[in-house]
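Got a structure here, written out as C-alpha cells. Questions coming.
Letters A, B, C, D, E and F mark the chains as written, and numbering starts fresh at 1 in each.
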Amino acid sequence: MMKKVECIIRKSKLEDLVVEVEELGISGLNITQIAGYGKQKGKQEVYRGVEYEVKLKEKLKVEMVVPSDKVDELIDIITDTSRTGNVGDGKIFVYSIDRAVRIRTGEEGEGVV
Amino acid sequence: MMKKVECIIRKSKLEDLVVEVEELGISGLNITQIAGYGKQKGKQEVYRGVEYEVKLKEKLKVEMVVPSDKVDELIDIITDTSRTGNVGDGKIFVYSIDRAVRIRTGEEGEGVV
Amino acid sequence: MMKKVECIIRKSKLEDLVVEVEELGISGLNITQIAGYGKQKGKQEVYRGVEYEVKLKEKLKVEMVVPSDKVDELIDIITDTSRTGNVGDGKIFVYSIDRAVRIRTGEEGEGVV
Amino acid sequence: MKKELNVLLLVVLMICLSSSMVWAAESTAESNAVAIDTIWTLMAAFLVFFMQAGFAMVESGFTRAKNAGNIIMKNLMDFSLGSLLYWACGFAFMYGAGNAFIGTDGFFLVGGFEHLGLDIPLAAYWIFQAVFAATAATIVSGAMAERTKYSGYIAYSVVITGVIYPIVGHWIWGGGWLSGMVDFAGSTVVHSVGGWAALAGAMVLGPRVGKYNEDGSINAMPGHNLLMASLGVFILWFGWFGFNPGSTVAGTDLSIASIAVTTNLSAAAGATLAMITSWWKYGKADVSMTLNGALAGLVGITAGTAAVNNVGAVLIGALSGILIVYAVEFIDHLHVDDPVGAVAVHGVCGAFGTLMVGFFAIDGGLLYGGGVDLLITQAQGVFATFIWTFTTAYVLFKAIDAVVGLRVTREEELEGLDQTEHGSVSYPDFVPLHWKSVEINKNE
Amino acid sequence: MKKELNVLLLVVLMICLSSSMVWAAESTAESNAVAIDTIWTLMAAFLVFFMQAGFAMVESGFTRAKNAGNIIMKNLMDFSLGSLLYWACGFAFMYGAGNAFIGTDGFFLVGGFEHLGLDIPLAAYWIFQAVFAATAATIVSGAMAERTKYSGYIAYSVVITGVIYPIVGHWIWGGGWLSGMVDFAGSTVVHSVGGWAALAGAMVLGPRVGKYNEDGSINAMPGHNLLMASLGVFILWFGWFGFNPGSTVAGTDLSIASIAVTTNLSAAAGATLAMITSWWKYGKADVSMTLNGALAGLVGITAGTAAVNNVGAVLIGALSGILIVYAVEFIDHLHVDDPVGAVAVHGVCGAFGTLMVGFFAIDGGLLYGGGVDLLITQAQGVFATFIWTFTTAYVLFKAIDAVVGLRVTREEELEGLDQTEHGSVSYPDFVPLHWKSVEINKNE
Amino acid sequence: MKKELNVLLLVVLMICLSSSMVWAAESTAESNAVAIDTIWTLMAAFLVFFMQAGFAMVESGFTRAKNAGNIIMKNLMDFSLGSLLYWACGFAFMYGAGNAFIGTDGFFLVGGFEHLGLDIPLAAYWIFQAVFAATAATIVSGAMAERTKYSGYIAYSVVITGVIYPIVGHWIWGGGWLSGMVDFAGSTVVHSVGGWAALAGAMVLGPRVGKYNEDGSINAMPGHNLLMASLGVFILWFGWFGFNPGSTVAGTDLSIASIAVTTNLSAAAGATLAMITSWWKYGKADVSMTLNGALAGLVGITAGTAAVNNVGAVLIGALSGILIVYAVEFIDHLHVDDPVGAVAVHGVCGAFGTLMVGFFAIDGGLLYGGGVDLLITQAQGVFATFIWTFTTAYVLFKAIDAVVGLRVTREEELEGLDQTEHGSVSYPDFVPLHWKSVEINKNE
C-alpha cells in the first residue's frame, strides 16, 4: 500500500525538507505554489496610504508518494524541519493511493516511488 | 474522520467563497492556480490576424480539509457562491483523508483544521 | 465509483495527451504547474561562472476525474503519449473519490465528469 | 552625391514652402543662432515625445497586469490621434490668430503665423507644441485606467487634444486673456489641464469594482510592476529636461542651464520629501509614493522653473513632495478612484506649483518683495483653468457615457480589458493572479 | 586645470591626426556651423543607437519568454560585431572610393574620404553610418527568432553588416549606380535590406514547431510581454527622430524641422490606421498590430521624409498602417513564420514607402505633376535591392546551414534557446508556461 | 507674448545673477560658440542622468524579484539625495577654490568659480558634474543588493556624494595633487570610486544567505529579469555617449566625434570578447557576462577615450571584456558577494582602463614611444584612489553598521526587502518563486 503525504510548508523551509527527506530514501516529490489562508495573521501592509491585510500567504505544497510504512517517519521529519513554532507553520495530510505507475517503464506498485 | 473538499471555481468567485466558508467556521484553505479544460467553449481570440481558441481556462482550485459532518453544508455553500449558471462553473470533488497533522504543534485529528 | 487519475508529465507532452484523452471521451481535466524532484539528473548550468545543478524540474500535473472503468484505458493512454524512455517521464497516481458535484447544476455522480 | 542632391532639392523646397524661415547658404552668426535654436527645440521635442513611453510605463506599472495592453493602446492613441488632431485644428486654436479666447486661423498649419515672431521654422515650433498637447491628454489615461471603454476613451482623447487643451493654451501662451500669468513650461497649461480632466473622468466613471467597501473603507489594489513604473519615472524625469529647458524654444537663451538645474533640484527634493513623508506616516518608505514624489516635484517646478532660484526650486519641490502624499490620500478618501495618482500629481501639484511662483519668483514674488499682484494673477489663472477644464471635461465624459458608453461591464472589468477590449493578454507566458490584492476582509 | 590640459593635448592631437576636420581656436561663423552640424549628427547617431534597445524589446516582447535571453544576445552582437565589422570593412565598401558597385578604399577608416565632401569630422559621419548598418542587421533577428542556432546567427550577422548592406548602401548613398533614387534616410537601404534578408532567413529556417498544422491552418503564438514590446516601439519612434532628421548630417540645414514633422505624422497615421484596420477586421483593436502600425508608418516615410509635405506624410503613413495588417497576414499565410512581423514592417513597408516617393514627392512626384520618371527610378532601386539582398542572404543562410547549422533541434526549440544556447533562463523567479499559447485543437 | 515677456524677464535676471556667463542680445560668433557648448553640455548631462535608469534596470534585473523595489528606492535616492548634497557641499569640495586636497568655497553654488575658466553658465557645468557624482554613488547599490538595510544605505549614499567622491574629484579634476593624470571622463574618478566603495560595502555586509556553502562552494543566484538587465545595459551605453563625449563640456571641440567612436568601439569589443570568453570557458555564450562585458568596455575606455586612437580603443575594450569574466569569478571566489558584478566592472575595469592610458595614449603612451612617465602617473592615481576610497568607505560602513545597522535580519532577507523594508512587493500579480535558484544540493 502506498500513501500520499501532502504537506503545506513555509517557502523558506523547502531546502531543509528536501535534504532530510532524501536521506530517508524518498527519492521524489512534487512542489506546488499555493496561496494559503489560515489562522496566521496577515501582515498589515500599506500601499499608497491604504492599509490592507494580506490574508493569503504564499506557501508551498509538497507531495510525496511513499510506502505506508514510511509515513510515520516522514511526518516526524516534516514537523521537525518545518516547525518554527509560530502560527502559519502549515499542515500535513495523508491520503490513500490506489495505484501508482511509472510512465517511463509502465511498472506499477511500490517500486515506482 | 476528515474529508478534503476540493473545488474548481472561477477566479472571480474566490472572495465570496472565502467569506462564506469562514462563516461556516472553516478557518483554513489552500488555493492553487490551475488551467482547466472542460466543456466550456474557449473564447475565439485573434492574435495578429490568426484566430485561435483558448481551450485552457484559468481557474482556481480551492482545497479545504474539514470534518466529515461539515461536507454537505460546505458543498451547498460552494454551489451557492460559485454558480453563475453558465458552462465552466466548475466541479467539487470530495476525498477521504487518513491523517491530518498540524506542524506547529504536532497535534493530530479534527482539531487540526 | 469515480477515481482521480493524477499524472506528472513533461511540459512538452501536454498537447498530445489532451488530444488523446479527449478521444477517450473524457471531457475535462486540470493542469497545475509543479516543480518535480526525482531521479532525473538536473542539467549542469552555469551562471556568471558558477556551476549549479537545477534539481527541480518544471513538470505538469494533470488531474482527471473519471469513472472507475476508464482508469485502465486512461493509464495506457498516458503512458503511451508521455513516454520518452528517459528518466524524468513522470508518474501516474490513482485516488478514490467519495463524491463529485457539478457546481453549475448541483448534480452529483458519474454524470458530472 | 545623393546627400548633396537632396540638400539642393531641399533648399529649393524650403525657399518655396517656408514662410517664417531664415535660410542662408553662407553661414552667418544669425543663421547659426537660428540653427542652434532649431536643434535645441527639436532635441527638446524628442525628449518630450519620449515622455509618452514614461507615462505608458508608469500607468501600466501602477495598475494590474490584466489591463496593461489597454493602457498601451490608450497612450499610443493619445499621441497618434493627438498628433493628427493637433495638426488639423489644435495648433490653430492655440496659436492661430484669433481673439482672446481662441485662435481661428492656421488649420493644418496652413496660414500665417508671423505674429508668433519665431526665428525657428514653424515646423520645429509645431512639433514642440504637439508633444506638449499629447502629454496633457495622456495624463488622463492613468486616472481612468482599468475600467474605461476603449471607444469612449478614444472619443475623449480626440476632444481634449483638439479643443479643450488648445483653448487653455491660447489663453495663457497663445496671447489670450491670461497671458499675464507666469506658467513657463505648463504646470497649469499642461499638467493641471490633464489633472482636472482626469478628475472629471474618474468621477464620471466611478471607482473600480472592489475598490471601496460598503462601509466606506478602502481596499488597496497594488500596481503589477513597480520596476516598470520606476523606469517610467526615470524616463519622465529625463523627458522633463526637454519639457522645461526646451520651453525657451531657444538654445541661444542661456537660461536653459539654470532651468535644467531648478528642474532637477525640485524633482530631487520632491522624491526625497515624499519618501520621508511616507516613511513617517506609514512606518516604511513607500516605493510608489516616492516615485509619485519625483513627479510631483517636476510638475510643481514647471511653472516657475525660469523664475525662481535654486533655493526656491528646492522648496517648491519639497513642498510638492509632501503635498502629494496627502493629496493622494485625500482624493482616495473622497472615493474618487485614481489608480496612478494623476489628479494629485498633475492637477493638485500643477496648481500648487503655479501658485508658488507668486511667492518664489525672484521678480515679482511675494517673498522677494514683489507684493501680491503676481500671486493674484497666478491664482486667477489656476482657477480659470480649473473651471474651464473640469466643466468641459465633465460634460464631455457624461456625453460620451450617454452616446457610446464610458465604462465596461462588471464582467469585462473583472476579466481584464486586455482580454475583453483587445482580445489578447499582455503576459501569456505568465499566470497573473492577484493574490496579494485579493481582498478577503470584506464583511468580516 | 585638467580639462584645460586635456583640451590643449587634444588640440595637438587633432591637428596631427585629423584629415577632414575644420578646426579653429577662434570661433567663426564657419567653425560654429561645423560644430552645429557635428553635434547634430552625433546626437542623432546616439538616438539611432538607442533604437537597438527598441528592437531588442520589440522582438523579445513579441516572442516567448523562453527565448528572451537569446534575442538579447543576438541584438547585442548585431551591434557589437557590427560596429567592429563596419569599422574594419563595411564603411570602406560603402563610402570608400571605388566603382559603381562597391567601395574599395578606406578599411579601418584609414585612407582618403575627401570625395565625401564632409564638413563634419569623419568620425561623426562614421558613427552615424555605423548605427544605421547595425539597424539593418538587427531587423533580421526578429524574423528568425525562437529557432535559430546562435552560432549560425552570428555568422550571418557578420556578413550582412560587413558586406551585403554596405554594397546596397554604396549603390544608393555611396555614389553607386542607383544614386539617382530618393531614399533619404533608408526605407530601402536600411529597412528593405533588413526585411528581405529576414525573409530569406525565415524561409531557409522554416517555421517554429507547432506554428502551422498539417491541414495548413495557423496557430497563434502570442508574444510574452506586450508592455516591453510597446516600450520598444516608443524607443524606436524616439530613435527615429535621429534616424530621419539626422540624415541631413547637418543641423544648419533647417529642413530637419519639417523632416521631424513628416516622420511624426506618418508614424501617428500608421498607428491609427493599423488600429482601425485591425478593429474592423478582427472586431477588436489589436495591440500588437497597432504597435506594428506605428513602425510601418515610420519605415514608410523614411525614404520620402524630406521630399513630401505633411499631407503626403499622413497619407504614406496611413497606407502603410493599412498595408501592414494585410502584409502580416499574407506572409503568415505563405507559411513563412516571422514572429515579429519584420518582413512585413521593414521589407514590405520599406519598399512601399520608397515607391510612394514617386507619387508624393513635391519635386518630381507623379501627383505633383512630375511624371513617372522618379517613380520608375524608385521602382528600379526597390527591385534591385530586393534581388541582391534576397539572393545573397538566401545563399548565405543555405551556406551557414550546411556548414555550422542554422537551426536548433526540435528538443532545444521546445526547451527554449535561453536554456539550450545560453545555459540560463531570463525569468528564473517566475514560472513561464504557455497556457494561452498551448494549442489543444490539432486533429480535433 | 508670454514667451517674450519671459525672455525679457530672464535677460534681466541673468544679468543680475550670473557671474560667469557670456550673454549677448545680438548673436555673435562668440555668443554662438557659448550656446553650442551649453546645449552640448546640457544634452550630455541629460544622457548621463538617464544612466540612472540604466543602473536601476541592470541592478534589479541581476537580482531577485523580491528585492526589485528596494533597488529602485536606493537608486532613486542616490540621485535625489545626491543632487541635493552635491549642490549643498559636494561641488564646493570638488571644484571650489581650496588646496590640493579639497575645495573649501562655493557651498550651495554661492561664491566665485572664476578659476574654472568656464565659458558656459556655471549651472550647465554643475548639472553635468552632479549627474556624474550620482553615478559614482549608484554603482555601489548593486554590490550591496538584497541584504542592506535601507536606512543604512541612505546614510552611506549621503556621505559618498557629499564627501568621498568630491575629494577624489578635486584631486584629479579640481586642480588637486593628481591633476597630472589622464582620466578624461572618469574611469578612476567615477567608476573606480564607485567600484572600491562597492567592494568595501560588500565586504562589511557579508554574503547573502545561501550564497556560499560551508564547504566553500558557491551557489548561483540568477537575476530575475535578464530582459530588464539588457535594457539597462542599452540605456547605459546610450548614456555613455553623454558621459564621454560630453566631458569636453564643449560642443565646439570637435574631438567629441572621435571620442564617441572610441567609446563605441571599446564597448563593442568588450561585449564581443566577454561573449567569446564565456563561451570558451563555460561552453555557452553567457548572457549576463556579455552584458557585463559591454559595460566593462565602456568603463575601460572612459579614462583614455580622448587620448587613444581607434585601434587602442578596440584593444582596451577587448582586454576589459576578457578581464571582466575572470574578475567576476575571482571576486566570487574571494567570497565577496557582489550580485551584479559592480566591483569587477567599475572597480577593476576602471583601474585597468586608467592604467591602459599609460600604454595606449597617442601622446605619452608607452607603446607610442612616450616612456613610462605617464604610466607611473596613472598608476599613482589608481593607487591613491583605491587607498582613499576603500579606507574611507570601509570605515564609513563599519560606523553605519555600529550606529544604525547595515544589514537586515536573516528573516527579512529571506522574505525580501520589498516586503520588509518598503511594505509592498513589486510584482503582486505574479507569483515569484525561486525554483531555478533553489539550491537543493547542500550537504548531499
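By our rule, a contact is a pair of C-beta atoms (placed from the backbone, for glycine too) under 8 Å apart; a residue touches a chain by one contact, two chains touch by 3 or more.
Worth saying up front: this structure is predicted, and the values here are computed from it rather than measured.
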item	value
Which listed pair, C-E, A-F or A-D, duplicates the contacts of C-F in over half of its pairs	A-D
Between the pairs A-F and E-F, the one where more C-beta pairs touch	E-F
Whole-Å gap separating chain B and chain D, where each centre is the average of the chain's CA atoms	45
Between chain C and chain D, centroid-to-centroid distance (C-alpha), Å	52
Rounded Å distance, chain D centre to chain F centre (Cα mean)	31
Per-residue overlap in chain E, given as positions that touch at least 2 other chains	29, 32, 36, 39, 43, 222, 225, 231, 282-284, 286, 288, 423-424, 427, 430-431, 433, 435-436, 438-440
Multi-partner residues of chain A (each touching 2 or more other chains)	18, 31-33, 35, 37, 45-47, 55-56, 58, 95-96
Of all residues in chain C, those that touch chain E in their complex	11-12, 14-15, 18-19, 22, 31, 33, 43, 45-47, 58, 60
In the complex, chain A residues that touch chain C	4, 18, 27-33, 65, 95-104, 106, 112-113
Contact footprint of chain E on chain D as seen in their complex	1-7, 9-10, 12-14, 17-18, 21-23, 27-29, 31-32, 34-36, 38-39, 41-43, 45-46, 49-50, 52-53, 56-57, 60, 68-69, 72-73, 76-77, 79-84, 87, 108-109, 120-124, 126-127, 130, 150, 225, 228, 231, 418, 421-431
Complex contact set, residues of chain F against chain C	218-222, 281-284, 286, 288-289, 325, 328-329, 332, 341, 435-436, 438-441
Sites on chain B touched by chain E in the complex	35, 37, 45-56, 58
